[in-house]
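In the two complexes that follow, subunit A is the common piece, with subunit B as its partner first and subunit C second.
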Partner chain A sequence: MTEAVTYAYAVARDDDGTLETELSGLPGVADAPVRLVRAGQDDDVVVAVSPVPAQDFREEALRAHLEDMDWLETVARAHHRVIEALAVRATVLPLRLATVYLDEERVRLMLKDSREAFSTQLSEMTGLVEWGVKIYVEDPPAAEGPAAPSAEAGLSPGRAYLSHRSAQRHAREDAYREAEQVSRDVEAAARRHAVARVQHRPQQGELARGPGENVVNDAYLVPQQAADGFCTDVLRTADGAPGVRVEATGPWAPYSFATSLDTEPVKRATP
Partner chain B sequence: MRTANGLPATAAEPLPDRQVALIDLLDRLLSGGVVLTGDLVLSIADIDLVRVSLNALIVSISEQNPAPWAAVPPVRDDHEG
Partner chain C sequence: MSESPSRAAPYGQGSSANLADILERVLDKGIVIAGDIQINLLDIELLTIKLRLLVASVDKAKEMGIDWWEHDPALSSRASDGSRSLADENKRLRAEVEALREGTELPPAEDAESRQARQLDSVTPHASRGEWAGTGTRGTRRDEA
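The block that comes next holds the complex of A and B.
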């Protein structure tokens, strides 16, 4: 086999020592097997890792690969697959995509150094899941169509066109206003259940899946048992706002909330 | 009331077997996740990684596309109650 380096996916709490079986047979990044690294024997804080080809994950190669959307998607989905498998059984702190070490021993040293910080964050995240909430302003019907002559009978073609455009603009402005109201309602509804929020940039560009324009792209950290109520209340906010659509995605491992070991711990909402 | 894949949202849905939208995944994998200094460093500050990978494809992560009513940088907003 070619030279290998070690790809690290996540830190997790292996409460009962059975996490390794959850991962057996699961293909990780580069279809490599997934293993658990521990700071000491029987330690419950583990790092999930895979051996990956060094030639693909050295800095320069990685830079080039990351420009390749298919490669990026393959790695992202493999990374996510491992996170999801861990999350079935354990509390998980996902690591940033493409965190790579020279070998497992280097991972073990890192884990030894940061074990207490990881352990604290794992405790913070226990029983919490991430839900994404996106708000879209939907495209007004027939937005790009030509002016409808029948509706503006009696007007000259130029005036009819302007009148039609003006109506479209007003419809759009109304939809944005509705979306602002919905976003306030979503926030209020979410705060009843969630303990934290992170705002991502609205999704645009070729990968953004409409229909409509994404105007809010937030992530909330929600206690597992509150997830049903969270979704119901959040999705309900779009009722009566015809130009606005609310989508919820999840449950996710707490990707958006596990970002650094130095940040303030997540504050729990007081009931 | 729909999820991203058009199905009703149910919080009880099991974690595996869901094909998530790539863009939702990249939002999380490129700006979320614990940042550790690995040995093979991609100067993993998110901006670098994102610029490297996606400049053309995910306009959303560039600075030039604020939301209609407010520029929303990815910020932490922990709140109590």
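The block that comes next holds the complex of A and C.
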């Protein structure tokens, strides 16, 4: 027999009371079914929760698990899966990974305390989605024109090497210059559609998926109906910029714009 | 409030979403509220540092000169630092060119060689890439990857 604690995923607005059916059959963290907790019987502000084994989510165990990349990935994907399912039907405020309560009653008390603040933020996020935009400087082609050492017949090996290095550097610097221009174009294009932006750190660690070097990693808050135009305009900025790639990911629930209750709300960009 | 039709469309990238994109959101973003199970702040900090090593190191980004937003007057009040890092970059690249020249003992100028020398001179950065300056480790990082 395993003791259970309650994992909380997100706060959401259950406009028409159908959100729980949307979640039926969806496995949460630890594969348990996801339920909705309300402060009052017909309240539309809900917290999505599911039971998780206490032995894995007590402080000591959690600390150890978070060091385990496989465990972390499984929990992160499950957490994200539930938030995406909610976001299909409702406005969602994602909670930070591993927000755990002793039981559902404790979640209800938390929701009761913060209901108005959640409600305000949910209203601010209604109809808005997050899009990620990443700009990459691609690796220069291996052999390019006179840069290839084989084309340096007549030069000493040292000179050929220098010439090769120099040409490589030129190609790289051109690509960075292009990327800088593209980043300005992206910002201008995005500003026509988005209402807010936050900047993430460029992804450069071992999880970063190339090819190329990520130099810009931003998130924009975009009205749902403007999403197509946003993507089209943002992706178009890379046209005619060889060596630079622009990627858009989304729509995401507004992870990057849901702010903690004791901090300032997200500042809206001026139009 | 009625749902817009696009709400019913497939949402996000589902299970195919890039793990780095997911982790940077679920661990570093979202609402932080105190649950009953507390991981102390130091642990969260350590975890965040480890995550950044995996996903995105801000210090490494700065070290590699990817901090152009700090030099953008529209985004930061610290934009005036931009010209300084351009000068640093310029100085560094000139020193590197000198070192390369000495290391290979360039023979006296002939037609091909003088062309070569001009090429080396032009290795110094174009003025407009100042915001991307300070790229000392860019080359070596690629080798590690």
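The definition used in the following text is that the second predicted complex is superposed on the first by the 253 of 271 C-alpha atoms of A that agree within 3 Å, B and C clash if a C-alpha of one lies under 4 Å from a C-alpha of the other, contacts with A are read in each partner's own complex, and residues count from 1 in each chain.
Simple rule for what comes next: contacts are C-beta pairs under 8 Å (C-beta built on N, C-alpha and C of every residue); 3 or more make two chains touch, one makes a residue touch a chain.
Everything quoted here is computed from the prediction, not taken from an experiment.
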item: Clash or fit (per the criteria above) of subunit B with subunit C on subunit A; value: clash
item: Contacts of A:Phe230 with subunit B and subunit C, given as first, second, both or neither; value: first
item: Subunit B versus subunit C as contact partner of A:Ser166, first or second or both or neither; value: second
item: Touched partner set for A:Tyr136, first subunit B, second subunit C, both or neither; value: neither
item: Which superposed partner A:Arg106 touches (first subunit B, second subunit C, both, neither); value: both
item: Which superposed partner A:Leu207 touches (first subunit B, second subunit C, both, neither); value: both
item: First (subunit B), second (subunit C), both or neither touched by A:Ala196; value: first
item: Touching partner for A:Glu73 - first (subunit B), second (subunit C), both, neither; value: both
item: Touching partner for A:Thr259 - first (subunit B), second (subunit C), both, neither; value: both
item: Superposed model, subunit C segment overlapping subunit B, candidates 44-52, 80-88 or 98-106; value: 44-52
item: Contact residues common to both interfaces of subunit A (with subunit B and with subunit C); value: 5, 8, 11, 57-59, 62-63, 66-67, 69, 72-73, 76-77, 79-81, 84-85, 87-88, 93-102, 106, 110, 114, 132, 176, 179-180, 199-209, 213-215, 217, 227, 249-252, 255-256, 258-261
item: Touching residues on subunit B, where the partner in the complex is subunit A; value: 1-4, 9-16, 20-36, 38-42, 44, 46, 49, 52-54, 57-61, 65, 67-69, 72-81
item: Touching residues on subunit A, where the partner in the complex is subunit C; value: 5, 8, 11, 15, 57-59, 62-63, 66-67, 69, 72-73, 76-77, 79-81, 84-85, 87-89, 93-102, 106, 110, 114, 126-127, 132, 139, 154-156, 158-159, 161-163, 165-167, 169-170, 172-173, 176-177, 179-180, 183, 199-210, 213-215, 217, 224-225, 227, 249-253, 255-256, 258-261
item: List of subunit A residues in touch with subunit B within their complex; value: 5, 8, 11, 57-59, 62-63, 66-67, 69, 72-73, 76-77, 79-81, 84-85, 87-88, 93-102, 106, 110, 114, 121, 130, 132, 134, 137, 176, 179-180, 191, 195-209, 213-217, 219, 227-228, 230-231, 235-236, 238, 245-252, 255-261, 263-264, 266-271
item: In the complex with subunit A, residue positions of subunit C that touch it; value: 1, 3-4, 6-8, 11-15, 17-33, 35-39, 43, 47, 50, 52-58, 60-61, 64, 66, 68-69, 100, 104-107, 112-113, 116, 119-120, 122-123, 125-126, 128-129, 131-132, 135, 138, 141-142, 145
